[in-house]
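There are structures below to look over.
There are two complexes below, and they share chain A, which is joined by chain B in the first and by chain C in the second.
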Partner chain A sequence: MKSSARLDDIRIIVYFSGKILIGMSLIYWIPIFTSLVSGEYKVMFDFILSFGLILSVGAGFTLLGKAIKRPSWTHGMVTAAVSWIMAMILAAFPYWLSGHYLSYLDCMFDVMSGLTTTGLVMIQDLDHISNGLNMWRHLLTFVGGQGIVVLALAIFVDGTGGSYGFYVGEGKDERLFPSVTHTVSSIWRISLVYLVIGTALLWVAGIAIGLSPGRAFLHGLWVYMAAWSTGGFAPMSQSILYYHSALYELLTFLFFMVGSFNFALHSAVIRGNRKELFRNIETLSFGTTMMILSFIVGWALMKLKVYPGIGMLIRKGYYQLASAHTTTGFMTIYANQFANEWGNVGLVAMVVAMLIGGSACSTAGGFKGLRIGILFKAILQDTKRLLNPSSAISIEKFHYHGERTLADQQVRNAASIVLLYVVMFTAVVLATCAAGYPIMESIFEVASITGNVGLTIGVTSPSMPTILKYIYIFVMWAGRLEFMAILASIGFAASLFKRSRR
Partner chain B sequence: MVERIKARMEASPAAQGIAAELLFALALGIAGCLMIVLGAWIADIL
Partner chain C sequence: MKSKLWFPLPLLIMLLAFQGEVFAQEQTMSIVKTSALKLIDNAKAYDGHQVEITGELIGDVMVRGDYAWISILNEGTAISAWIEKSMLPPDTSIGGYARSGDIVSLRGIFHRACPEHGGDLDIHATSLELVSKGASVNHPVNTSVVLISLTLLVIGVILVSAWRRRERNEQ
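After this line comes the complex of A and B, so read on.
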């Protein structure tokens, strides 16, 4: 009886994973169209083949599985975790067919890096890849920023109570509207409106710096997708440094800053509640840490006389810091300049920025400003309790889409996630050191991986040890889904294992 | 042209919201730049 119940659970998970893969297959038409327009027929056939593969697997899953009952939270969480892994395996196929990768593992690394909006790359000869493949890279990061499950929910799944579990499983726990369907379609509407504005502005900026109109449009579109998703992929291996343009840097800065805001904040501001920008605990927390770290980076870089003037200090120092804090990963310096020029104080400030990250329910990674704000409020409350008489009641409030009273459960949730991040970060730093990399380089690179940032000090490369590639893929996945979906999947797998042994 | 954009903006709360978000990001950017300059200035005089 119980084993048939478990089989039903598996069938539900398989069915909805299939739906998500079918939803994802729809985006293949964008690189197919790009390749066709660019006259890249070999690339176009690669994508058609890959489309056939993901559609077949997705359809096969929906046939094998069955939506026997309304999906529970566990189903939603496990489905989110499973579909991300399946998407990584299948979306790597066009990369592999392109011949720009040394192994299928490197292809999967780049897909996971894209979907999780990390931005680290294993690709060979990035500066000479086809338009179709470049479109695919940036599309993955754009869709990953919103969430592949969010994409499928917007298309296929109705707004039943069970569908909320899928949404939460992807590391988003904020309902913009009471209905999940309304919430996910709102996320996509906001992203697409910004996509049009951002691409248009970067297109003009590209033409202004001398790119041809067609190239300026494609670069504008791709760079915008990566900026909004706080992804960090760029069409050229030199990242944003390639453009040598203060205007391009300013525009990308604005888009990745806005991209790192919470979707609930976007929704509130767009609906007319502009005061939320200045009162929200998350923007206050982000602003505070950003100011403190800016001061430290300015101090550290000037002490070492790294940059000759204030202009360069802002364009190199501040841009890198903002890119790190929003977990974007765009660079206007070379990777080895971090190790050779920035000094330990500057690097530690960058590590802290990468670990804190952007906002909850946004495209950004890291601990998130909301959790830092809540933990700070909890410390403040505990300090007040110590200082006040024992009979005094200390109530701490914060503003987050309305006034809220700090509850122990919120503090516990925030502390658990931050603790999990710290444990994973420490373990992976140890693994990177064990693989032979110096301690400061290991700390920097692992902070970048854990926070889904994408800045690199030079550790991540096709020649790094294979075991580290597997570990980094896991860390990007766990960091993006914020552990809950993975813990639920482990629990689910353990329960299956236990029953099979009885 | 500017008048037309202004009229459109006034008629659309969404456009005003987007403008507010971009201005807020710009303000954060300017504040961060000032902090980095302050840090550099203190490092220079110490």
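After this line comes the complex of A and C, so read on.
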């Protein structure tokens, strides 16, 4: 009886994973169209083949599985985790067919890096890739920022009861509206409106800095998608340095800052509640940590005379710092310059920024400003309790879309997630050191991987040990889904194993 | 005796200083043939020096007034150069997916953090020499990929239809 119940669970998970893959297959038509318009017919067929593959697998899953009952919280969590792995395996196919990768593992690494909005790459000869493939890279990061489950929920609005579990499984827990379907469609609406505005601005800027109108449009679209999703992919290997433009840097800075904000905050501001921007615990937390870290990075770079003027310090130092703190990963310096020029104090500040990351329910990674704010408030409350008489009742409040009273459960949840991040970060730093990389470089790179940032100091490359590639893929996945879906999947797999042994 | 010993000292210092200046000038004036990766890895050592790198023109020529930004791909690493527009060869072939770019030999002054360009790592070109012309690159369509694509497409459509039919029947 129990084993048939487990089989039902598996069928539900397989069914909804299939639906998510079918939802994802629709985005393949964008690179197919791009290749067709660009006259890249070989690439076009690579994408048609990959589309056929994901559609067949997705539809096969929906046929093998069945929505026997309303999906529970666990089903949602496990489905999110499984569909991310399946998406990684299948979306790597166009990369593999392009011939720009040394192994299929490298292809999967880049897909996971894109979907999780990390931005580290294994691709070979990036400066010679087709428009179709560049579109695919940036599209993956744009869709991944919103979430592939969010995409599927937005498409299959009518057939997915109990969808909150899927939504939370993908690392988002903020309801913009009471209904999840209304929330996910709102997330997509916000993203698409910004996409049009952002692309238009970068298009004009691209023409102004000397790109041809066609190239300016494509670069504007791609760079915007990577900026908004705090992804960090760029069409050229030199990242944003390629453009040598203060205007382009300013626009990308604005877009990735905005992209790192909570979707609920966007929704509140759009609905006219601009005060929320200045009162919200997340923006206050982000502003505070950004200010402290700016001071440290500024001091470190000035002490080492890395940049001889304040203008340069702002354009180089603060741009990389903001890129790290928002978990974007755009660079206007070379990776090796971090290791050779920035010094340990500057690098440690960058590591802290990358680990903290942006806002909850945004495209950003890291611990998230909300949790840092909550933990800070908890420490403040505990300090007050120590100083006040034991009979005094200490109530701590914070503003997060309305006034809220700090509850122990919130503190516990925030502390658990931060602790999991720290444990994972420490373990992977040890693994990277064991693979032979220096300690400071290992810390920097692993912070970038854990926070889904994408800045690199040079550790991530096709020549790195294979085991480290697997570990980094896992870390990107776990960091993006914020552990809950992974833990639920491990629990689910363990329960299956336990029953099979009985 | 003491004064006699001290007498040549300032002269010696001046001579050493002068020698140092000559050495520094020679360092600046001599052209170092190098790679983009070596420049980036040893940016402090090469800062302000005349360098020469050879590689493929890639990406875009971004014209800014009388000058332009170009990118050169050297041994897998791209580096940018600020160049007078007039130095660029006519009918420049820029490397990308559909074309291989011109192979050029560029000489110029290397900047670790260019004060003129907001701290960018760049080379200010003093000369550009065309080594070989770029050409169009053919990417033929693979017939087996086309056949597999169409087969998978048909299978996918059949499976989706079967799934939709089952959904309708169950409703």
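Just so we're on the same page, the second predicted complex is superposed on the first by the 497 of 502 C-alpha atoms of A that agree within 3 Å, B and C clash if a C-alpha of one lies under 4 Å from a C-alpha of the other, contacts with A are read in each partner's own complex, and residues count from 1 in each chain.
To be clear about the criterion, a contact is a pair of C-beta atoms (placed from the backbone, for glycine too) under 8 Å apart; a residue touches a chain by one contact, two chains touch by 3 or more.
Quick caveat: nothing in here was measured; it's all calculated off a predicted structure.
A.B. asks: With both complexes overlaid on chain A, does A:A322 touch chain B (first), chain C (second), both or neither?
C.D. replies: first
A.B. asks: Quick one: classify A:S212 as touching chain B (first), chain C (second), both or neither.
C.D. replies: So A:S212 only meets chain C here.
A.B. asks: With both complexes superposed on chain A, which partner does A:P308 reach: first (chain B), second (chain C), both or neither?
C.D. replies: The answer is second: A:P308 touches chain C but not chain B.
A.B. asks: In the superposed arrangement, which partner chain does A:I197 touch: chain B (first), chain C (second), both, or neither?
C.D. replies: A:I197 contacts chain B only, not chain C.
A.B. asks: Compare chain B and chain C by how many residues of chain A each one touches, and report the one with more.
C.D. replies: C
A.B. asks: Which partner does A:L53 reach: the first (chain B), the second (chain C), both, or neither?
C.D. replies: So A:L53 only meets chain C here.
A.B. asks: Can you give me the overlap between the chain B contact set and the chain C contact set on chain A?
C.D. replies: In the superposed arrangement, which is not itself an observed complex, chain A uses residues 313 for both chain B and chain C.
A.B. asks: Which stretch or stretches of chain A touch chain C in the complex?
C.D. replies: Against chain C, the touching part of chain A is residues 18, 22, 25, 39-43, 45-46, 48-49, 51-53, 55-56, 59-60, 62-63, 97, 125, 127-131, 159, 209-212, 215, 236-238, 241-244, 246, 306-309, 311-313, 315-316, 332-334, 336-337, 340-341.
A.B. asks: Which stretch or stretches of chain C touch chain A in the complex?
C.D. replies: Going through chain C, the ones touching chain A are 40-41, 43-44, 58-64, 68-69, 71, 73, 76-78, 80, 82, 95-98, 112-113, 115, 117-122, 139-142, 145-146, 148-157, 159-160, 162-163, 166-167.
A.B. asks: Chain B touches which residues of chain A in the complex?
C.D. replies: Where chain A meets chain B, its residues are 193-194, 197, 253-254, 257-258, 261, 266, 269-272, 274, 277-278, 283, 287, 290-292, 294-303, 310, 313-314, 317-318, 321-322.
A.B. asks: Could you please specify the touching residues of chain B with respect to chain A in the complex?
C.D. replies: 13-14, 16-18, 20-22, 24-26, 28-29, 31-33, 35-44
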